[in-house]
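Everything on this sheet refers to the single structure shown next.
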Amino acid sequence: MPDSPALTAHAVSKRFGGLVAVNDISFALAENEVLGLIGPNGSGKTTMMNLISGALRPSAGEIRLYGEDIAGIGASRIARKGVARTFQLVRMLPGLTVLENVTAGGVFGHARRWGQELNDYAHALLQRVGLPNAGDVAMTALTYIDQKRVELARALAGDPKVLLLDEWLAGLNPTELKTGIALIEQLRAEGRTIIIVEHVMHAIRSLCDRCIVMSSGAKIAEGTPRDVLADAEVIRAYLGTADA
Amino acid sequence: MDIIIIGLLLGATYALMAMGLQLQYGVARIMNLANGEMLIAGAFGTFWFYTASNASPFYALIGVIPLAFAVNWAIYRVLIVPLVRRARNQGQLEVDCILATFGLSFILVGILLAVFGGEYLSYSYLARPIFILGEPYGLNRVAAFIGSLVLCLGLYLWLHRTRPGLALRAVSVNPAAAGLVSINVTRASALAFALGGAVTAAGGVLLSMFLTFDASLGVVFTLKALIIVILGGVSDIRGAILAAFILGLAETTVASLVDPGLTLAAAYLLFMAILLVRPEGLLGRRSS
Amino acid sequence: MTSEAQAAAPVPVTKSTGHRLGITGREWRNLAIAAVLFALAAVVPLVGSGYVQSIAISIAIYTALATSWMLFSGPTNYISLATAAFFGSGMYIVAGGLDLAPYPVLVLLAGVAGALFAAVVGLATLRISGVYFVIFSLGLAELVRQIITWLQHVLGTMSGLYVYVDRSEEMFFWQLLALTAVVYLVGWWIGRSRLGFALRIIGNDELVAVHCGINTARAKVILFVISSTFAAIAGALVAPRWSYVEPTIAFSPFLSFQVVIMALLGGVHRLWGPLLGVIPFTLLWELISANFPAQTTLLLGAAFLLIVYFIPNGVVGLIEDALRQRGEWLKSLRLLLVRRSRDA
Amino acid sequence: MRRRELLKYGAATTVAASFGQRIARAADPSVIKFGVVGPKTGPLAPGAAVTHFPNFKLWAYEINQRGGLKLKDGMHKVELIEYDDRTQPPETIKAVERLATVDKVDFIMPVYATGFNLAVAPIYAKYNYPLVTQACVTDQMDQLIKRYPNIFFVQGSTTSFAQAAIDILKKLKDDKQIGNKVAVVNVADDFGIELANAGRPIFKKAGFDIVYDKSYPLGTQDLAPVVKAAKAANPDAFVAWSYPPDTFGLAEQAKIEGLNVKAYYSAVATAFPGFYQKFGPAAENVLGAGGIKDTPEIRAYYKAHKEATGVDADYWGSPFYYSLLQMITQSIEGVGSMDLKAITAYLKSHTFKTIVGELDIRNQKLDKFYTVGQWQNGFFNAVAGVGFTDYSPVKLKTSWG
């Protein structure tokens, strides 16, 4: 592990009233590592993503990006420091064209471009996510899957150092899944640090260096995908106890 | 003590202005800019009734309430339903309603002008002092206060103790989900809108005993009602009532202890200060 | 049938012009057209009667106000009813300061004061949204009016202030026209700037906007300031025409409503949308006021309802619809001709 | 679809019909057209509904009844062209311009209220129409007269109204009928503020002790705190520089609170017939702005006003403005044509006989008007004024009946 980790979480908690959605989570993520965040529905994975991206402010604990505390400084500042994300349910900008949906990520964020350079860059990204000619199309004319691709292109437009993918692979057919996984591998090869929330275990196995398993807001296991998926407690968390 | 009693009397006046709009906006989700004109119509009707028959204005309620209910039901059916149908989202509906009811308020003013003329209309009823703890208060205001309490309590009980009331509250919380549990949302909204109009007109009847009205004055009441409803938090009728009394007490306190010239300034300041601290109003729910 | 179908359509997609630093040929052409239109408008007072002039002045006032209102409220969807607060403040700065400073200085001062005032308000109201913002902004205008009235009582000044600046009718119009031109230029500049892009993103989805790194608060406040500054300057320019300024007139909530309504009627997703609301609205109201003096209010209301029900997407929507239909009609005509010739 | 078509055609026909109406209206060239602009809606509408519109209607009706205006080339019927300005200055300006340049009317009556008259003054000047202002009270008369040779003021200055009211109280005080403590309240708007500010030094000079002096905002719904506080100051006289809705509200509250001062004054709208209709005997001996002398001519005027318009005239602006219409009639007939400059000059150079007596307006200011009235036996008698000689004696207010 390199000296300074890319992202660390230290005793992070998030409470909504009486509900503890994320409970005392700590981890460290090395640069260029791919971390899988798994667990049953409602276990706090997306909340954890929201805490990292700044959509939510942690109730306690600290989150550090290259050593700098970013907990609670707001999503826009975090984005400028090089964290980009996709959303569990696609959030598109319906009033903008596909091209503009992509460029939106590249003007104000980590790496900034404008004018022709930005347009060229966005076109290249669209090509990369598999939508080479969709630039002038209305966002609403795309299928859900294609919208997901645009959302990834938007996240990449700011050339982020840390990428948060919230169930980005969900709903893809086997062929698409294959290209999707290949794309994420490429992104990693470019040197990005990635956190994946995913239910597609096949993808987790092939992509992740490490996995954290969450259940009811708490971390119940951490390790290589192979190890954690064999863990008895993890299986119980997913499937429930035999006599429940 | 004096201040508190006057404040409560004024608060009741404000509650009468705002309760109807609360039902229309909080439940039926219609920001009705023609609400004030309905109040004026109630007041004018009472004026006409009183001068013609010299009977107690309270009897006017018997005619005004069902009439206003019917008129507002019709307004909802004819004017609002098409807007609800064509609206893509809540924002669109809100904009359309602002535009449509703005036009409607002009039409109502036009009708009131044609029927009653443009002069000030006012009459004297129960303009006698009633002594509470040795201090005189206007009997008509006290009567309106009681009327206001009866209306508040009645509405509250109806909303919380009856099935139609439950349906209305469900619609106010989540129209889509209410539709799923087989509540006829359009019907419930029409009911809320019509009821709101009836309550507003009834308010006009009670207020006419001590306020002077003219055909163009509706907008003043609409604005006041809007502020009260928003201050209370749109979704809860208790919020509007609470806000009405807070404003009444605050205005009276400022008028008596600071400077009457600052009463309305104080009311607006209070309104804005509360919103800055609680952007969703006193009893409103924070959205998302 | 079109209205229902269209109502179901999503938020209008503005055509992708991409992001270019240089001004394109198309943009030059539009600028030239705008310049010609403004030049034509500038001639109106020279050829029209006093009545035409007074209508032209009305249109100019409301175009400036509605367009600057739309700069903020269009992209953000925040409906502000505070126009009168800034408009009235601008008026009062001119009315109150006329003995102390020359008129043009006061107009600038009104702009500066409007900007500062808007900045404070903007920063304070960031957390408030939706209908709460609408009514808050309405309360703001009333609050300012109350405070000014009270101050006049306490300071013992006259309530009505007399504003005498020697200006010909034409001059009023040209001043307002110039202001409108500036509003348009600023609007055009914002539209092609990063700021404008940021606002469009905010208007679409604020959560996405912050995750794109946009400081949404700053963007909104800047736009609110720009929009309000223009309202204050408009008030400053109009004050001498009204000769006499008093709080009830200067801070009339009706003004705020009328501005919002004209802008919505035109369409708030295009820079020229409000203009298309202001002109027909003013002319229609004029037609009604002139011909039905006894039932003006009633008929204004009725006309208004007809507009709301039959032009659901504003005048811009109507025009775009017509253009689209014409396009489709031409296409089908061409198809028909082609088929005919083939059959023959 | 069908219904919409129908509506479209309906709208189109209405518009077409309206143009038709307009053309028909302009058909008879011998009719002399008079323009009237005022608020039929908006905050000032109720005042205009009593004082402004009915007078013109009555006047036109009477002129046509007697055969028309007598000009050099014979008798001409008159016609009113009325516009609603909805209490908005830009609408007023537009409507006056419309009258002048589109309808090309022969004469334009004044608009309603101070700010509006001043806003349109340049337009009247541009087209030479005399502006015989209505409901326009200002302290800047002299500057305005210097600026506009065609403007006429008929109601005195703000100060003269405050002065007259205070003079009445001073006389009562000097006669030892009331003490020297006065409570003053004012509506925080336009005329109310100006009267209050003008009145303050005059009260002091007259030797009054102002024991309460506060303003309240226009549109205050409950005046109880104001009246209570005023009563607590234990005044001998109560003066309210008030506006219509609160003039009513203050009187009702004073009655309820038992504010038993010997002199009770409220400014605008005390002279409205509605005031007495609402309060009846309780209104007896209430003082207010305006007033008129009870004569058979005046009684006949009120009767004719009610018959021709269905509205009761007020006891302040109505009879005076009717007198001014008589002056305008006499000027037009004296000139014998609709030569506006000549009419203006005629107004400035003659004395006229009217229902309120002989009037002249030579200095562009009316020489006589009443300033304070008092409800006495259901009639709002003039008890003070400028230029007149006999006024009704002031009575003390004994109770609220």
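In order of appearance the chains are A, B, C and D, and numbering begins at 1 in each one.
Here is the rule we go by: a contact is a pair of C-beta atoms (placed from the backbone, for glycine too) under 8 Å apart; a residue touches a chain by one contact, two chains touch by 3 or more.
The shown structure was predicted, so the numbers you read here are calculated from the model rather than taken from an experiment.
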Identity of the chain that, by mean CA position, is farthest from chain D: A
Centre-of-Cα separation between chain D and chain B, whole angstrom: 34
Inter-chain centre distance, chain A versus chain C - centres from mean C-alpha coordinates, in Å: 42
Distance from chain B to chain A - Cα centre to Cα centre, in angstrom: 49
Sites on chain C at which at least two other chains make contact: 10, 146, 149-150, 153, 254, 296-297
Residues of chain A touching at least two other chains: none
Two or more partner chains touched - positions in chain D: 40-43, 188, 215, 217
Chains grouped in pairs wherever the two touch, ordered by label: A-C, B-C, B-D, C-D
In the complex, chain B residues that touch chain D: 2-3, 6, 9-10, 13-14, 109, 113, 117-124, 127-129, 136-139, 141, 210-212, 214-217, 220, 251-252, 255-256, 259-261, 263-265
For the chain D and chain C complex, residues of the former touching the latter: 1, 4, 7-8, 11, 15, 18-19, 21-22, 40-43, 81-84, 86, 88-91, 93-95, 97-98, 100-102, 114-115, 118-119, 121-123, 126-127, 138-140, 147, 186, 188-194, 196-197, 200, 215, 217-218
Chain C contact footprint on chain B (complex, rising order): 31, 79, 82-83, 86-88, 91, 94-96, 98-100, 102-111, 113-114, 219, 223, 226-227, 230, 234, 259, 261-262, 264-265, 268-269, 271-272, 275-276, 279-281, 287
Chain B partner contacts - residues on chain D that touch it in the complex: 40-43, 45-46, 48-50, 87, 185, 188, 214-217, 219-222, 224-226, 228-229, 244-245, 248-249, 252-253, 255-258, 269, 272, 274, 278-280, 282, 311
Contact footprint of chain D on chain C as seen in their complex: 1, 49-55, 57-58, 61, 146, 149-150, 152-153, 156-160, 162, 164, 241-249, 252, 254, 286-287, 289-294, 296-297, 306, 310
